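After this come two complexes, each holding chain A, first together with chain B and then together with chain C.
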Partner chain A sequence: MSGAEAEVTERRPAERDELHKREYDLLDTILQDMADAVVAEECYVHVQPRRVFVRVHPDRLREFIRYMQREHDMWQVSTLSGRDLGDDLQANYHFFLNDKKIAITIKVNVPRDKPEYPSITDLVPGVDFVENEIREMFGIVPVGHPNPRRCELPENWPGEEYPLRKDWADPRGLMKRSKTTGPRPKEEL
Partner chain B sequence: MTSTSNRTVVIPPRVSIPIGPQHPALKEPAMFKLTVEGELIVDAEVNIGYNHRGVEKLAESNTHIQNLYLLARICGICSATHNGNYAQAVESAAEVEIPERARYIRTLIWELDRIHSHILWLGVAFHEVGFDTAFMYTWRDREVAMDMLESISGNRVHHDMNTVGGVRRDVPDELVPKLLRGFDKLKERMRYYRDVVLHEKTFWDRVAGVGILETDVAKKMGAVGPTARGSNVPVDVRFNDPTQAYVPMMDTGDFEMILNDRCDVAGRTIVRVEETIQAIEMCSWLVKNMPDGPIRERVRPRIQPNEVLARHEAPRGELIHYLVTNGTDKPERIKVRAPTHANWVSMAHTLKGNYLADAPIILAAIDPCYSCTDRVVVVDADEQKMELVPLDVLRVRANKWYKENPRRDE
Partner chain C sequence: MGFLRRLVDKAKIKSPWVFHFNSGGCNGCDIEIIAALMPRLDLERFGVKLVGSPRHADIMLCTGPVTEQIKPRLQRIYEQMAEPKYVVAIGSCACSGGVFRGAYNVLGGVDQAIPVTAYVPGCPPKPSAIMHGAYQLLQVLAEIMGVSPKELAPEFEEPPAPTVDTTETGAEVAQT
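== the complex of A and B ==
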């Protein structure tokens, strides 16, 4: 499935009912306060309880994080996960608002030919390792990371290969061989 | 010793000690570069990634059912957590409700997993401070929990109890009295270990005031699980974001999140011991209140496009599966964030200012689980050459080696 198509269909917004009232209250406040920083059509409350997804412009990300920390007491960072959407690459910051008990995912889309956005490690020290991981795995570069280093992949891994991108062609046949089942013929060993 | 005036005082230089990747105290590969002044650790650097197996990439080419078994193999100690959390992620993506009895059995396995994992950790902690008698005792009592898991699931370690839409095996009624007897025994033993932890000086003096992780630092660095709760940070998915049978369990109001404000290794130990006792009570509650009914719901293998953030409190802390489905029977993207990965960030801070001799217990205090943290293994032979050695090749090579190098007594 192509990236553009997946983006349209994978969102499952919830009804504005009593069950999701707290989530919609939070989303409405965010949309009101940071209207120009977010992409409003991609912000929604998921049908699963206590889940809010927000997409932010890359250049306003730091401002948005500071706003969340100031206004909504956001301190519990869960993780950062990357996505390959085809033309764009996406970084998803997963936070949990401990007072409101809502998990908020902050998405940043970056173009594939220039996958860069400002790092937030100085604002949220907890994402130190995962920002390094996303640089290795997807080639998404958090600019201004205080301690960029090789963290998950082996040291001799080629620099231009990002294994979790969908177009990673597996030049050394690692995936194929890792799925080998059963004994090989004796002469091959 | 004629004149003391022109004696030079030698200040011990800063020495960097690399511990690992293969280190006898830790059993799993990770590298800690400690800079010491004399005995004092002044700087620490954590290097991980020695056991990265590519599970996330592999999972994208597997079906959801295959992934249940693949993800259970991420970790050998808390296999039920990955297995169950992935099942609940796929169920949320498909928007199906699973039978009530399946929820209870799933939660029971999770809590039994927590009991045996915490007792295992307690044993390791006793071992790291040189109190091996208690280490032997705790691991003997852990067998009670392991036997219960075996009698329910058929397996000691990889339970694989969950499937998409429910659980795979029922808990038969004749097993219930046996389980309840086991819980009573475990509870009695855990109360004894709580007394050992609190009153045994050889243990207490090694952990009290060691490895301080202040509350605000733990919050900032995103610590999770007993590491965070030992620093008085109220993070526990079971209470904050309950799923499965935790919802009715928390509605009873009998259970409260266990916190400790000591912020040191002793605090983390107390949290784990208390949590084990609480987990035993939770298990009894689950067994006593388990409703009758079917244990699985059929779910179509093709899952509608959806994006799901599934959270679960694993024994070591918050486990996250971020699952994106695309309408086929395979995931578009699955991100696994195991709890140890979140706890590494604060490790360098915790190590600083302690003595070198305390490093093993501080490292062990987060209950590190390296395989959960790393996800691609590439066995590299030489610098540019990568080689992946399958089990059968390894076996042939091993047999060949032993044939050429016979043991002396043969």
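== the complex of A and C ==
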């Protein structure tokens, strides 16, 4: 490769034009009302219409969700996704604002050595299952979850291994095992 | 005794009851299995019947890559089936792992957990492919049990080839 490589980034903010007026109205209101709860430089309106990203401090997450439910009628939860950013782990809550027709993603960054943030299952019952899932898959712990349990991985899975983290090294050779080349002999079944 | 044995073997070939098991797939193949059993292709004309319990079934139709979690359940259900028992792996996932090949939580194919007799690849396989797989399996079974394939499905016999006199021109053939 020659020449300067363009920086690969997920962040593609939109222009302040007529197409994105509703989204910027919402984002400006959020930045004004909850200025100390959000990380302002990580909040933006995506160039794709009807898409807003907000990053929230972990300790203010519950307050922010309550504010969104109270002021913006945010009641429909889509899902929760996790990411491994290297130093940080990230939980992304995806919500739909039906009246404004906007999908909003609330990002929570937690440090890798202490990946904990307050659970919002009592405010949003729909994330009960996915918060358990993110604890299993990424090791991001929603503290105060009313019903912590194992939901997806096998029962004999070791507790301290999180398969969707980038540094999971596959110590038991599971990924090699599933690349099968033929039926297993009958005596091994 | 020979006559009775033959009768039982023929009855087994003529009425293979199937049981359907999903070992962690996406339901695509399951829908196609249902489509194969429905009146358009009508697998039931071979005597194939979908039953709800492995204890009643002769053939298990298995879809999906076998996940780690479901492996003991699949083996237990296979053990519950009465002899003689056969397994058909339906779909790419059930044959080799499919898109889940190399994942950490699947075994990569039904043949890693239980012995498999026939494979139907495809993602999902068309109902006609499932039909073809089932018919191939029945042919194999007929061979094993010593039943002639003609008894299996008379309507599947090839129709006699139309006799065309090659010495005449095409136009005259069309007239006759």
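Simple rule for what comes next: the second predicted complex is superposed on the first by the 170 of 189 C-alpha atoms of A that agree within 3 Å, B and C clash if a C-alpha of one lies under 4 Å from a C-alpha of the other, contacts with A are read in each partner's own complex, and residues count from 1 in each chain.
By our rule, a contact is a pair of C-beta atoms (placed from the backbone, for glycine too) under 8 Å apart; a residue touches a chain by one contact, two chains touch by 3 or more.
Source: prediction; values computed, not measured.
In the superposition on chain A, A:C151 contacts chain B only, with no contact to chain C. Counting the residues of chain A that each partner touches, chain B and chain C differ, and the larger count belongs to B.
In the superposition on chain A, contact of A:T79 is made with chain B only, not with chain C. When the two complexes are overlaid on their common chain A, residue A:R22 makes contact with neither chain B nor chain C.
By the document's definition of touching, neither partner reaches A:K100: not chain B, not chain C. Contacts of A:R60 after superposition: neither chain B nor chain C is touched. Once the two complexes are laid over each other on the shared chain, residue contacts for A:R112 go to neither chain B nor chain C.
Residues common to the contacts of chain A with chain B and with chain C across the two structures: 153-154, 163, 174-175, 177-180, 182-184, 186, 189.
Listing the residues of chain C that touch chain A in their complex gives 65, 67-69, 75, 96-97, 100-109, 111-116. Residue ranges on chain B touching chain A, taken from their complex, read 47-49, 52, 54, 56-58, 61, 92, 95, 219-222, 234-235, 240-241, 305-309, 311, 318, 320, 322, 324-328, 332-333, 335, 337, 341-342, 344-345, 374-376, 378, 380, 383-384, 386, 388, 390, 392-393, 396-397. Interface residues of chain A facing chain B in the complex, by the touch rule stated above, are 1, 6, 9-12, 46-48, 50-51, 53, 75-79, 81-84, 92, 94, 96, 98, 101, 103, 105, 124-130, 150-154, 156-157, 163-164, 168, 172, 174-175, 177-180, 182-184, 186, 189. Interface of chain A with chain C (complex): residues 153-155, 163, 170, 174-180, 182-184, 186, 189.
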